[in-house]
Amino acid sequence: MVRWQAGVVVLVSMVLGAWVSLSHAAADREKLLGEPGVYGTFAAFTLDEEWAKEDQATRIAHVTVLRGVVEQHREKVAIDLYLMRGLSDHADLMFRVHAAELRDTQKFLVDLQNSLFGKHLKTAGIMNGLTKKANYVPGFPDQMKADLKTASEPGPKPYAIVIPIRKSADWWALDQEKRAAMMKEHTEATLPYHMTVKRKLYHSTGLDDLDFITYFETSKLEDFHSLILSLEKVKEFQYTRRFGHPTLIGTVKSLDEIMEILAQ
Amino acid sequence: MVRWQAGVVVLVSMVLGAWVSLSHAAADREKLLGEPGVYGTFAAFTLDEEWAKEDQATRIAHVTVLRGVVEQHREKVAIDLYLMRGLSDHADLMFRVHAAELRDTQKFLVDLQNSLFGKHLKTAGIMNGLTKKANYVPGFPDQMKADLKTASEPGPKPYAIVIPIRKSADWWALDQEKRAAMMKEHTEATLPYHMTVKRKLYHSTGLDDLDFITYFETSKLEDFHSLILSLEKVKEFQYTRRFGHPTLIGTVKSLDEIMEILAQ
Amino acid sequence: MVRWQAGVVVLVSMVLGAWVSLSHAAADREKLLGEPGVYGTFAAFTLDEEWAKEDQATRIAHVTVLRGVVEQHREKVAIDLYLMRGLSDHADLMFRVHAAELRDTQKFLVDLQNSLFGKHLKTAGIMNGLTKKANYVPGFPDQMKADLKTASEPGPKPYAIVIPIRKSADWWALDQEKRAAMMKEHTEATLPYHMTVKRKLYHSTGLDDLDFITYFETSKLEDFHSLILSLEKVKEFQYTRRFGHPTLIGTVKSLDEIMEILAQ
Amino acid sequence: MVRWQAGVVVLVSMVLGAWVSLSHAAADREKLLGEPGVYGTFAAFTLDEEWAKEDQATRIAHVTVLRGVVEQHREKVAIDLYLMRGLSDHADLMFRVHAAELRDTQKFLVDLQNSLFGKHLKTAGIMNGLTKKANYVPGFPDQMKADLKTASEPGPKPYAIVIPIRKSADWWALDQEKRAAMMKEHTEATLPYHMTVKRKLYHSTGLDDLDFITYFETSKLEDFHSLILSLEKVKEFQYTRRFGHPTLIGTVKSLDEIMEILAQ
Amino acid sequence: MVRWQAGVVVLVSMVLGAWVSLSHAAADREKLLGEPGVYGTFAAFTLDEEWAKEDQATRIAHVTVLRGVVEQHREKVAIDLYLMRGLSDHADLMFRVHAAELRDTQKFLVDLQNSLFGKHLKTAGIMNGLTKKANYVPGFPDQMKADLKTASEPGPKPYAIVIPIRKSADWWALDQEKRAAMMKEHTEATLPYHMTVKRKLYHSTGLDDLDFITYFETSKLEDFHSLILSLEKVKEFQYTRRFGHPTLIGTVKSLDEIMEILAQ
């Protein structure tokens, strides 16, 4: 069965490869992923039971539709894909979508779900957030600011983890100074893992039942584990009412890789 | 696929457009949306798995039935529609229904669910509330009352957010004066966002597992986010036992727009 | 569609009307609804997806079976029906069943679910309670006892609300005197709504995950809302661990009315 | 319909009756139900939607398979059956299985679920416990020990109730003496109901998300209600973190009775 | 039916036995199960409703595919199997997978779910953890270290139990010394059960909504019950926010045994 699957992968790659040239003018991905004031949506899906029963030709036809929908929206939104199956409960795929306007994200996801491929997707969860300028960093010591600016290690970071966070009412009742002091301690705890664990923060108060969506990428899961363990030991963690629930863990995949996995 | 879809939209618009003339005498929408003593129901639905499998002609036939049901009840109830798919978990559509008597709302929703279109709807959640005269505003300073009276910015407000709220037993145990002082601080926190975020309050104690349903419309989601963040920092927030769960976020749509999206 | 539906209603009424004469000797409804030591069960159901797809002749045949099952058990149990669809999450119908022995209620509900009609019902929730002599009233002042004895306003009360309640362990740890004092304050808060909101109390400790099932009927929902709001402000409410979850709200319907609605 | 059903019951009784002679050597039921060190498993099931649609001949064939599976395991396990439908949420049947080794219980339940009848069962909940020698009774006064030893009233006890319990961490942190004093108060509260409510205790720490499974049988549900109410008033109840959730209430049935009900 | 089943078991054993020779070079199981820095994933599944309806030949064909998938991944991952049906809610099978890299576990589970057999599996729950060097043991007295090193009793340990644990924020806020003292008390409580209950600890902070996954094997479930009861009595238990939910209990099975049970 192993060898046969390998053959299929090659075939699928060829069939799907023909689409690669069909790209539209892409959204300024760099800008959407780097600047404040951008909306980030994490949409997790499961494949329905009928997907598994479709024959391979149909599955290949349907995943090419997925590519079509992604291409069609590339002008407005930046789309990242993740394989969650096998590592997370009740989610098979996750889309991370960045857009200047949340309705562009909605248009993409509605088109996705209306498509021949999307008809096989069941929504497992949607979280919306907003990137903002760093709130507490401006008040940090210079050395700490410099440490935060050093880039993380180059090379692929295959694992992605999403942890939604809700702070307690007591947290928001603290004055800015006290919160800043605790966030300094929080940030110090993260520095040893700065090189191996990439982090990105989304503010989601009002856009969801959350205050923050924290997103991580790493090639060293053990470092990521140590990072979170350190964060549970600082004082600010006492003000966290919800941490995870769900913790979404998966692997970063290109559209081509996801299509190959789905087509098999 | 993109171009084909565009063509369908035009076709669907023409077919559905023929119905526009079939309107009955409408309920006094202005009155239902502006006065106290009116019941507001938020009914969120998902489309079942069979909807996606119907061919387009059937879908068009069914959404015209939706229009028929809406028209039929326009004398008694005011109906607003929202597209939740892509932004909210497990809800595709939301109806906001205002009526002088809750049984008129029930009649509409029962007819909707009994209709050919409604047979594809699964109830995701229903919340009932009641509009009442402002409880604390009469005691506010004159300047604050004046600020609250200025109209919000004109122009479309495409985003709508519904946040259900349950206060703690401690809140209701406070005397009216203490609650009024905290609601003054609460209201002050909302003033900077008064122009860009429209708000409407429904009281739902006893009508649901809630005390309030808060409804927002905005074109500037970042302002809405800042508004809610401000509200989490005032003292009154300490007395909130449930905030959201679910937070329902979507986009305001006309019946025609919803029908087009559904027919595709 | 409106006119056609009206015609159907007449037809359905005629077909179903033929059954009216088939009544058995009925249980002493007055006694079951008025005396202590009677078991009250609230059984809420949703209609399955296949119900919506049956043609009307089949639906009419099936609802006549509903009448048959109700008639068959009238000797032992008193049955009330409610339409929940459109107002409550995930419940379409509710049966309130009173019986001297809970197994007679079980026999009715098992026969109902085994019937051709019942095969389309999915259990949304079942709550069991017991009527008992008033616990605290004997110690109340005479004027209050007299006020409690005055009958509520005559005329139909179309709305029914069921709110399950669980008290905290602290409540049960209080001595009888302290609980009596708080229940006096509780009862005083209800008096202004005594004429327009009918109440009935079921004790369910041990019979369910509840301590009480509170049942209300009213034609003035706003009064009911004010009543519950008043009850949240008295001291006894601090000892309530669960209030609602679910709050079941619907409209009182006769068997004939329910059958007509179902047959459409 | 009533008379027809009665006829069916007779027919079913005759067809099923032929199996009665097919009994194997039974487990020492007396011993399994009376001694410490025995595992008790409560397995609650719902019937799937297809069961209702099978014709009666098929249903009769399938319930005879149920008898076969029960007979086959009688050497190792003692099996009791309960009808939950109509009284408990989301459970139609419950099996109470006693065995000296939990894997014998598993073998029975796996065979049950693999059988033609079992294919229609969906697991609603499984709880495992262990009978142990009384922990606190040896330290009780002699009169109390004597009271506990008197047998309950003879005659059938048609109702059965299962209440799972989880104690708080604070309970387990108390020294044995303090827990013993509270359990004495607890036991005193039960004495007035000793004659009419039979009780049995299972310890399930580690075998489930519980500390205890409490099992009751009675013909007087009102006494059972009063018993639980008394237990909520003693000090030990303050240390209970979970009580019920679910409370399972049903009626004790023989295998023959369950088969007749299922076959109808 | 009993005898027929026995015959089938023999037949199935023969058909499946032919596969035994087809093994690949296996992962260093000893190393994966004994060393720190290894990822352990617990994946629990239910069989879908269609599995029960497949005829036996199809079921046998599908379980041979299970063997194929397991064989295919043996180079990278160590796989253990458990039968949960009959003892745990909503789980029929559990896989425990050890791997040096979590993506190798994902590859196995994705291939499993994509296989003809896996199409019948629904994910009931996935938990990920990491083995680490003992945190507190180095500071324990020498005698205690020696006691911990003695091997558990030889012979099969048929029962396996998995209990996920989440500590409170207060626990992580304690300094290492205080936590070490409490873990010494915790460990002392486990010593009486060291010979009969095998334990293994996985750290899962950040990899899941947990801090630890605790895994137990025993032939004496009553000893395991006593062990957990002892652990609930030590001070450290006060800092446990979640213990179980779910508690997964089942029996250790070889691949051959699981295949035979599934094929029946």
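Here the chain labels run A, B, C, D and E in written order, and each chain numbers its own residues starting at 1.
Throughout what follows, contacts are C-beta pairs under 8 Å (C-beta built on N, C-alpha and C of every residue); 3 or more make two chains touch, one makes a residue touch a chain.
Since we're looking at a predicted model, the values are computed, not measured.
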item	value
Both-way neighbours, i.e. chains that touch chain D and touch chain A	E
Type of chain B:chain C copy interface by residue overlap (half), same or different	different
Separation of chain A from chain B, taking each centre as the mean of its C-alpha atoms, in whole Å	29
For chain A, residues that touch 2 or more chains besides their own	none
Topology of the chain contact graph, where touching chains are joined (line, ring, star, complete, other)	ring
Order in which chains appear around the ring, chain A first, chain E after it	A, E, D, C, B
Contact set on chain E toward chain A in their complex	37, 39, 41, 43, 48, 65, 68-69, 72, 102-103, 105-110, 113-114, 119, 123, 125-126, 128, 130, 169-170, 172-173, 203-209, 211
Interface residues, chain C side, partner chain B - complex	1-2, 49, 52-53, 83, 85-90, 158-159, 161, 163, 221-222, 224-225, 227-229, 232-233, 235, 237-238, 240, 243-247, 249-251, 261, 264
